[in-house]
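Listed after this line are the structures, all set down as structure tokens.
Look at the two complexes coming up: subunit A is in both, with subunit B in one and subunit C in the other.
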Partner chain A sequence: MANDREILREIWEGKLPICFRLDSEEVADVREPDPFYLMVPRLSYFPLVTDKVKRHFVKYVDSEKSEQEMWLEYNGQPLKWHYPIGVLFDLLFDKDEILPWNITVHLDKFPDAEIFRFSNKDMVESYFMSCLKEADVLKHRGQIAGSMQKKDHNQLWLGLQNDKFDQFWAVNRKLMETTNDTEYFKYIPFRCYLENGYKQKLVKPVGDNGSKRTLQDLLNEMFPDQPEVQIKTHGLIPPLDTPLQWLSEHLSYPDNFLHLCVV
Partner chain B sequence: MSEESPADQEVHEVGDSLQSMNIAHDASPEKLKIDILLKPTGNAPIMKKKKWTVDSDKKIGWIIEFIRKYLKLESNEKLFLYVNQTFAPAPDQLVKNLYDCYSTEGKLVLHYCKTQAWG
Partner chain C sequence: MSLFNPEDPFEIDLISITERAAVFNVEIKRINAKMDNAIMSYKDFVTYIEAILAISNSTSDYWKLNVVNDNKFLTKKQSVLLENPEDINERLIATFEYHVVYNISYAVPVLCFDVWNQNGSRISLEDYWKYNKHLRDFNMHDTLTQTDHPALNRPIFAFHPCKTHEILKGFARTSKNPIVSWLSVVRHFVHLELLETYIKNC
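What follows is the complex of A and B.
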């Protein structure tokens, strides 16, 4: 498994500067609220880092709306809370803009048709754990996640929620190991994002002749008609000859999936 | 078969809308259809018709709504859907993605239940 621990840490520490502003139409106070600036981990999810944002803006909206569920918008598009923050950024951030990432905060008119609600953090946790189990089905037929105890699951979740690298990786290490005398996962858990959703397929990290398969092989399989397609993840464009097994062990998000945004 | 209660009628309508959606898209070759098999787990009621054909670009949320209507669940009753009896896909996951990764013998098997079954 991962010998390149430095890389795991670099990826873990990736952060984005965000400037949150309350939608001006929702301001019910005579004063305009100040924008709220935050450095957020790319690997986290918005509901895990935006409690402070809500507390900051809630006093400026109509009191009857203050209990409503907050949602976020960038460039007219509601942000899906169940995508990792780094994925949303790589997918949506306009190349002509400069940082910080300007995000509009809403407490009214939740766009139910476009994004779904999260009633509490338990829902984020259950979605996260479900992704992790799915990834393990692909890598190890579900045997490792399935044999873990509840406390291991808790440790993964708390590690992510509290931004504790060592706590998270002490358990995640087991999910990133290979079994049965092979150096490879059965399949590589990945999602390829296009503008309106993502694609998933079964892709093996090793060819029938025993050779390591690369990112190029994956892209050829996903987009046979587009030889020039490139992807971005964690804000970088990995070389196309990167072996898939290495990519999966080192550049997966905490949910154990590679999230690849087509650029 | 001459008499149908309004409730039966409704189930047929849900079924019909599912079928007609397939027929409507027959003309476009890129619209694939996928066979799904819906199996109850735990205390969930069985569905008379278990095998359905859906457009591959349908989302899991749509299938959950479909089962809810078919079983006439109350709005406060929950419904969970599982793949491989292991994980619950997101409501915006496409049926095609799940089929491409987890189908067996040309079918995608989905287990449904009214309480959280796995994880």
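What follows is the complex of A and C.
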């Protein structure tokens, strides 16, 4: 069980400054809209924090398009906003740029072959909970998430949505415990991101000889031909000798997955 | 050995009960062992989908085997007339593309699909839900979700895999091809046609 609580809180409090601008081709008003600035939690998802952004820009677009769904773009790519915000940043942010992160807002031509459609918060919740359950299948054969009540699931979701660390962790700590007299999860829930998507594999936190496996072991398994590969998560490059079990308990996102971006 | 002792109709044959209980326990253990086996390895998944492909090829059905980034999966395209069960005048012709993919975390097959209407635009999850009477009794968000296609890394609709294991368990002892058996259960939700030949061979 996670015991370095101050680390959990540091990770939880990670925020990013973002500058949203409406795509100039979609401006139908004589006035150019002001950009919209927000500090957003790294652990959250864009569809949870951008209601205000849409309200700000919607009055500047063609009234026929004002009912359309918003989507976001960076460097010519639609943002896959089912990834947590911090993952998108670590994966895509151009090192030569300075903060804030400049993101283009669109209210037209939703690219539904490329990104998830989140018409309402229920759809984000459904996606988030399905990730969390999948993580628990890997860690505990799904037994902990499966035995939780609806109110526990709600508490996890509301804790994330309302940025309430204590509310979230009061339930999440159960998902981070180990069961059956072992100090390890069955498998480590993680996704390893490359530019065009992510890979998953079944990786155990402990070796056959009982030794703790490390981030280096995970990367060797994922990329056997690339001994030099490094990953970034939460803006950090964790040391390669960090034990996987510790990483999973402390540096997982709220969906209980480690999201590791190859740098 | 009967449960009923004719000498004394009220004295139940206890030995027989214990024996039966023992037999029952062995049976449960055997089923449980099988249940654990209902977890499907990727290797088994490939064997089963290749068997489906072989039948498809021999019956001029249209399943295709795809290999992308070391992931194998089946696809099939099919057009279907959808009717709104609450208003039969509301109809549309939908084109489905089904994908049978492997989920590594759950170790089960997953049925995914894209669905377009005739003008080529995608049908939303909510609209799709409205046209299917089989889905009425289920909560949409617990049943269907958007997911990342494991090989193509793009969004696709999918049945949530958390129930699949239970369905597979039911066929673990009897089916030669659990993927076909499972498809025969879930296909109604997505209007997927499955020829008799597949069922006969599983």
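Just so we're on the same page, the second predicted complex is superposed on the first by the 263 of 263 C-alpha atoms of A that agree within 3 Å, B and C clash if a C-alpha of one lies under 4 Å from a C-alpha of the other, contacts with A are read in each partner's own complex, and residues count from 1 in each chain.
The rule we apply is simple: contacts are C-beta pairs under 8 Å (C-beta built on N, C-alpha and C of every residue); 3 or more make two chains touch, one makes a residue touch a chain.
Here the structure is a predicted model, which means the values were calculated and not measured.
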Partners on subunit A (subunit B, subunit C) - clash or fit: clash
First (subunit B), second (subunit C), both or neither touched by A:G197: both
Contacts of A:D122 with subunit B and subunit C, given as first, second, both or neither: second
Which superposed partner A:V206 touches (first subunit B, second subunit C, both, neither): neither
Partner chain(s) touched by A:D112 [first = subunit B, second = subunit C, both, neither]: second
First (subunit B), second (subunit C), both or neither touched by A:S130: both
Which of subunit B and subunit C A:A170 touches, first, second, both or neither: neither
Overlapping contact positions on subunit A, where the subunit C interface meets the subunit B interface: 82, 116, 126-127, 130, 133-134, 137-138, 142, 197-198, 200-202
Residues of subunit C that touch subunit A when the two form their complex: 104-106, 122, 124-126, 141-142, 145-148, 150, 153-155, 160, 162
Subunit B - residues contacting subunit A, complex: 61, 83-84, 86-92, 94, 97-98, 100-102, 116, 118-119
Subunit A to subunit B touching residues, read off their complex: 80, 82, 116, 126-127, 129-131, 133-134, 137-138, 142, 146, 153, 187, 197-202
Interface residues, subunit A side, partner subunit C - complex: 82, 112-117, 119, 122-123, 125-127, 130, 133-134, 137-138, 142, 189, 196-198, 200-202
